[in-house]
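Below you'll find the structure, written out as structure tokens, and then a few comments.
Read from first to last, the chains carry the letters A, B and C; within each, the first residue is number 1.
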């Protein structure tokens, strides 16, 4: 049961916090840290509130990574301090970042579930000269807000362009768009339209649903009445199921409208519960839990250790790779945690992630990765995103 | 609505100087001494303390409106948010001077109060309450849609605040932010105390107790309530401006319903109609939130909720009420004396 | 056009079933129960658990959801709520928000933070055409309309025609006199509270497919419930019912015809209605 894992998480995190609280005075602790003790990493995630599932995925992956690789890198022990920013309050994210830097002397800030949260914390990273690893937020602009930001998730244009190309190549001439009305959604809408119309397609209808309390039925009814050949959907992780259900219930499929989107739509976290309506949906994304590789099998096994009945999604792989980036950075500096050195060590790193080969571009500090075209299929009684095409080493077009 | 009047007939307003003896003065001194003490004792916690001060100012604005004028609102975040965006936008467009930004923000919020007061003060209790809620939600949506101006869901980027009085830069450790917030809080608190003990404040309390009688006595009830609404709006706007200036960032959540509800929660937690209630409630809530969410980042809500339930069942008008009851019991055991 | 209207009616009906308990507790007991949505959430999770983990038929799940929420309501009413009857409204707000926090965290601990999904039985899936291709509407929406409509009718008749209903109305109009007449006011309130909670539980279960379900459910929809009650007026069944219908139709139509304006439509409608009819849609007289 999920409960047992979360309970364990609670105890771990609680223990860490108590340990932190018990130690006297920040200065003394910092001195001890320099003398070869632990390197602290401040992990700020939405652990409660509407985006809690994102936080849970990333946090579990971070724990899984430490469990699988031991807690020391380059001779430096790593300690993770988890903080909850509730997902909807950027001022809290910012304050937590500030406190982690000032009081807990963390050497790396990490996590960041949504774009505004990451943007709010960016000035802290700059001023404190502390690397900030964005593990989930996906708006293009984030990496430009601070020279200390590195990203291990993805960007919406990066994930969107391949599906626009795919649609144009596969005989779709008209395609409506439906996105959530916030920065990543607008990024996706823009990228899709630009790419799709450049390839000769038409976008007859562009719809935006509110971020809060979304009800997809009326929007999908409009799509139904407009009768495009396909519908491109971007919704935040966790919302895909509701959109998909309405798509099926409205009879859009019977009306001959194909459903395509970024992988957020067929989020691995809940894909299995989506049932029949999801089958056959085509999406483009950087990670599928069904990815066939040695690295991914190791990742799945490690993840299962900390969260036995959850399936890792693309948020989790962002957390895993974020920890990997930090770990490799520490190895390259020989355990030194000085911000600029660590940042330099992390820039330009390449490795084979559970999702495939990735690189942190040395100039943009953004991730360059393969994007896959996947179709939802039933395998062994479960639903999976089965990859059937690959576009190698896609970078964010904005950078 | 039957019996809706109890909404207004809240906890007794016990600020009269007569009822405050040496104990009260000592408690007050202790309360204000705690701030510089906290500054010295917890230099690592300054960002948190700034947040306490800002939340306290917001709760104070609610106390003026709910505790004294008896107008319950679920939309106070509208003023908070307008203040935050005013200060933020000024800074983005080249005017980062904090004090004038703060004043302008408060003025903008007061103006909003003046415009919306006729709508809010029109209906019955529940209707008025829901109108404040509706107006707050509408402003949130407006800010969301006006993305070119406000930055929409991404938040307002590029807020740069100049040093306070040209001397103190906002630093990473949050020293300036804390002292600046505290100074504003103290000044506005003193002003609020003047206001509530003025004839205007007495009239408000009279209205809350019995509006009809005050009307019969010749008090312009309506005008007094509008004035209180505007004043509370200005206070909330100042709190919002403080948040924008000390964090140098504004995002949509400053306008969110959660902020209104949380402010009200802090006020009720501390105790209504005593000015200190909001301050104490804000401090208790923010600190409890921080401590609990560090201990259990996933389930802190449970413990906060449990505390609220227990306090509500205990009743007695929030933490201040509990303190007063505790003091009374202590005195009784000692065989009287003091107050 | 007709499709949009029917969708709006269905979501309005669902909203009513979820919110009517709140209107009862506010109107009849003068109690501000912001934790009302928590009972809806409880019903929703019972339904999901039984359906997904134990394969119980959908209709039985609905019944179980309603019953368990009613039971939960009865227990909480006897143990906690009764301490706060007659107290200041703000204390009640403090209390019920506290309950919401506890409920959200507890559900999160038990079930996790992610969205819960259910698969409807085949007979509730799909769409049917109405009036010779005039419009099509989802079977489940029709089911919602029929079921919720029946509930509304039953509630209305129960309140107007039965002895319990007349006692309840008497207790609401003047609890003191009703007590004097030998009406067991406390017990009537307890039963009413349980029924309201049960209906919320049913609404939560019905809403899993339409509204979604996660630990933030009670907070997410609290505003909507409040709108229904405030616009409808707190003393009748029909007032909130009309308000919920209006809300559903305006919301759906607004999103269909004016998607750019988003949630504005609904908030504007609420403010305007409240300014025009501050005592509720069907207020009996201004004197109350």
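Rule of thumb we're sticking to: a contact is a pair of C-beta atoms (placed from the backbone, for glycine too) under 8 Å apart; a residue touches a chain by one contact, two chains touch by 3 or more.
Which protein is which chain? UniProt says A = ABC transporter substrate-binding protein; B, C = Branched-chain amino acid ABC transporter permease.
Fair warning: this is a prediction, and the values are worked out from it, not measured in the lab.
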Two chains sharing the most contacts, counting C-beta pairs only: B-C
Centroid comparison with subunit B (C-alpha atoms), farthest chain: A
Distance between the centres, which are taken as Cα means, of subunit C and subunit A, whole angstrom: 36
Geometric centre distance via CA averages, subunit C-subunit B, whole Å: 32
Residues within subunit C bordering two or more other chains: 104-105, 108-109, 262-263
Multi-chain contact residues (two or more partners), subunit A: 6, 48, 52, 56, 181, 210
Where subunit B touches two or more other chains, by residue: 144, 258, 298-301
Residues of subunit C defined as touching subunit A within the complex: 3-4, 7, 11, 52, 104-105, 108-117, 119, 125-127, 136, 138, 140, 209-212, 214-216, 220-221, 224, 251-253, 255-256, 259-260, 262-263
Subunit A to subunit C touching residues, read off their complex: 2-3, 6-7, 48-50, 52-53, 55-56, 181, 207-210, 212-213, 215, 217-219, 221-222, 238-239, 241-242, 245, 249-251, 269-270, 273-276, 310
Of subunit B, residues touching subunit C in the complex: 1-4, 6-7, 9-11, 66, 72, 119, 122-124, 126-131, 133-135, 137-138, 141-142, 144-145, 257-258, 261, 264-265, 268-269, 272, 298-302, 304-313, 315
Contact set on subunit C toward subunit B in their complex: 26-27, 30, 80, 83-84, 87-95, 97-106, 108-109, 172-173, 219, 223, 226-227, 229-231, 233-235, 262-264, 267-268, 270-271, 274-275, 278-279, 288
Contact footprint of subunit B on subunit A as seen in their complex: 6, 9-10, 13-14, 17-18, 20-21, 25-26, 45, 47-48, 52, 56, 82-84, 88-91, 94-95, 98-99, 101-103, 115-116, 119-120, 123-124, 127-128, 139, 141, 145, 181-183, 210-211
